[in-house]
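What follows is a group of structures, each given as structure tokens.
Consider the two complexes below, in which chain A is the common component and chain B and chain C are the respective partners.
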Partner chain A sequence: MPVTYENIATTTLGSTQTTVTFSSIPGTYTDLVLVISGTVSTNQNYALRFNGDTGSNYSDTNLFGDGSSALSNRRSNQTVAYIGVSGTNPSPTISNIMNYANTTTNKTIISRSGYATGTAAQVESRVALWRSTAAITSIEVSQSSMLSGTTLTLYGIKAA
Partner chain B sequence: MIGNILGGTMGKVAPSGDFESIATVSVTSSQAAIEFTSIPSTYQHLQVRFIGRTTSTGTGSELVYFRANGVSSNTSYTRHDLLGNGSTVYAQGTGSGNSAATFYPDGAVNNGATANTFAANIVDILDYKDTNKNKTVRILHGADMNGSGVVGLTSMLFLSTSAITSLYFAPVGTNWNTYTHAALYGIKG
Partner chain C sequence: MPVTYKKIASVTVGAGGAATIEFTSIPSTYTDLVLKMSARSSNTNINTKINFNGVTTGYSRRNLQGSGSAATSANASDAYIGPITGTGNGASIFASTEVYIPNYAGSTNKSYSVDMTQEDNATLSYALLFAGLWSNTAAITSITITTLDSAFNFVQYSTATLYGISKS
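Coming up: the complex of A and B.
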């Protein structure tokens, strides 16, 4: 049976970084899954940019709870797509980039994330859109301060 | 920025067989439903991953019917949702005996919405073959259309201890559009 869920690339940061880029992504999978297990110095969103597109072609809608309130926000016509929250304690983000190699559809990304510190916490689901029918060949992940030890892994899922 | 990844660093290849592709449906012309039948009982859990767009001229997102084993009776399902539409959060639910228990919201984008845009759905069914348990279905779903859209978490209960052998997804009152794509995966325990 061919491998269906495959680790394409992974990196563990050895120092604080603001950007990590996955490039030369093969077009042989159906979906991509980006898994970030990270710690940051400032609780801000992870952001994605595809194929180096710096245009205002990204948007997203989220749903989150912070322990006392449930809220939903939207961003439109942005230069990056947010995928999830990060925290000063190790926090997970799992982002599904659906049908990334399809050249007839815009790209929808659906994600879950969360963090908890001694004084704050947030759990979130978010859907994002990259308005481009181009196949995704590179992903730039950015956050203001991804600390050493943060691990970013890109998986490919291949349908039959 | 650190050096590009993938230029020379390949990750490990995972052992084969634990997460397997069972079947795929790619819509090439308008069709009423996506169905997976004759699902083998050799896995522990199932996952369906799909993107959906309808043929409706509506401009928003669409409800999607879910059925297991061909059961359409609303007495066999319950459903709860947590949804966010960019400004408001909705928590809603319905018990068995209500028609709303047979579908979930915002699993598809209608054809009058932002061009080339599809809703995303990740459907998890744990212990699908266990004949001692009713089946819980968890769905992460949503669509952003650059100025509108919804993201949601849905939990559905299929009130049956039968092993699941078929799955059915259909937009309510309309058809799936071309390029709608669904894949069924089995996860071994």
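Coming up: the complex of A and C.
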């Protein structure tokens, strides 16, 4: 039985961190799934940067609910792509990075995240774009204060 | 290469219907759980709720909902995970729900995310996102899904599958 959903790498933080990088990502999968489970001390977005690209080549649009209102925001020409909100209570962020290894299209990311209680609690769906046709070989995840115990796992999904 | 996304158990409701969909004796050997459900009510469409380990307290949620004409958001101290279709939605239409539970066997409070949709080509169509929290540090060993009205059962052909995801 072929394995179609494989763990590429996992990091569990032993102390507060602001960045975690997945490097040397093989180009043998079709899509990637990044799962972040943990807590933060400051409610800010998780952000992604690919292949060390620090240019203003990222944009994203979100739809979120804060428990009383439904809202949407857009960011253009940014230096990172936001993928979701994090909270001081445990919260999952799941990002699907489609067709990450192809060299003909820009890269899209679909994410969902949210936390039920606490300061600025909200649930969110977000789509992001990295304007580059390069295959993704590294992913830098950043957030101002990812706390000890937070787990970041990168999975690869094969088409067959 | 170890299998990282593995089916733990599956439930298919038979001809008599079922009041609950339940998974018990969940092994602690995975990292995350994913529950995928396709379900329909024996009566009109009705909200469903989740509970872990038979515990009915300590739940909270924040959700975002689109009805096709409006987007709204709500929050409450309950374990709702969205509605399922019923007699008002047309024949043979089932709602789809996915619940992702990271770190279910850990010693922290348990968060979960829910994606739920029901589409009936009419006005009772919804797309919902939930952020849920069970404020309990116990490892999850059972999951029970019920409707909010004990008179409303899950009909035949409703299915639910529980998957375990390993990080290695």
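Keep this in mind: the second predicted complex is superposed on the first by the 157 of 160 C-alpha atoms of A that agree within 3 Å, B and C clash if a C-alpha of one lies under 4 Å from a C-alpha of the other, contacts with A are read in each partner's own complex, and residues count from 1 in each chain.
FYI, contacts are C-beta pairs under 8 Å (C-beta built on N, C-alpha and C of every residue); 3 or more make two chains touch, one makes a residue touch a chain.
Not measured: the values here are computed from a predicted model.
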After the alignment on chain A, I want to confirm one thing: do chain B and chain C clash, or do they fit together?
clash
Pick one for A:112: touches chain B only (first), chain C only (second), both, or neither.
both
Looking at A:158, would you say it contacts chain B, chain C, both, or neither? Reply first, second, both or neither.
first
Where does A:90 make contact in the superposed view: on chain B (first), on chain C (second), on both, or on neither?
second
For A:6 in the superposed arrangement: first (chain B), second (chain C), both or neither?
both
More residues of chain A are touched by which partner: chain B or chain C?
B
Quick check for you: in the superposed arrangement, does A:125 touch first (chain B), second (chain C), both or neither?
both
Quick one: classify A:77 as touching chain B (first), chain C (second), both or neither.
first
Is A:35 contacted by the first partner chain B, the second partner chain C, both or neither?
second
Identified clashing stretch of chain C versus chain B [80-88, 98-106, 116-124 or 134-142]
116-124
Using the superposition described at the top, list the residues of chain A that contact chain B and also contact chain C.
1, 3-7, 10, 63-64, 70, 112, 125, 153
Interface with chain B, chain A side, in the complex: residues 1-11, 13, 17-25, 30-31, 59-64, 70-74, 76-77, 96, 98-99, 102, 104-106, 108-110, 112, 125-129, 131, 133, 138, 153-154, 157-160
Give the list of chain A residues in touch with chain C in this complex.
1, 3-7, 10, 35, 37, 39, 63-70, 89-92, 94, 112-117, 121-125, 149, 151, 153, 155
Which positions of chain B touch chain A when the two form their complex?
1-2, 4-7, 9-14, 16-24, 49, 51, 82-89, 91, 114-120, 122, 140-147, 149-153, 179, 181, 183, 185
Could you list, by residue number, the parts of chain C that touch chain A in their complex?
1-5, 31-32, 60-66, 71-75, 100, 102-103, 108-113, 115, 129-133, 165-168
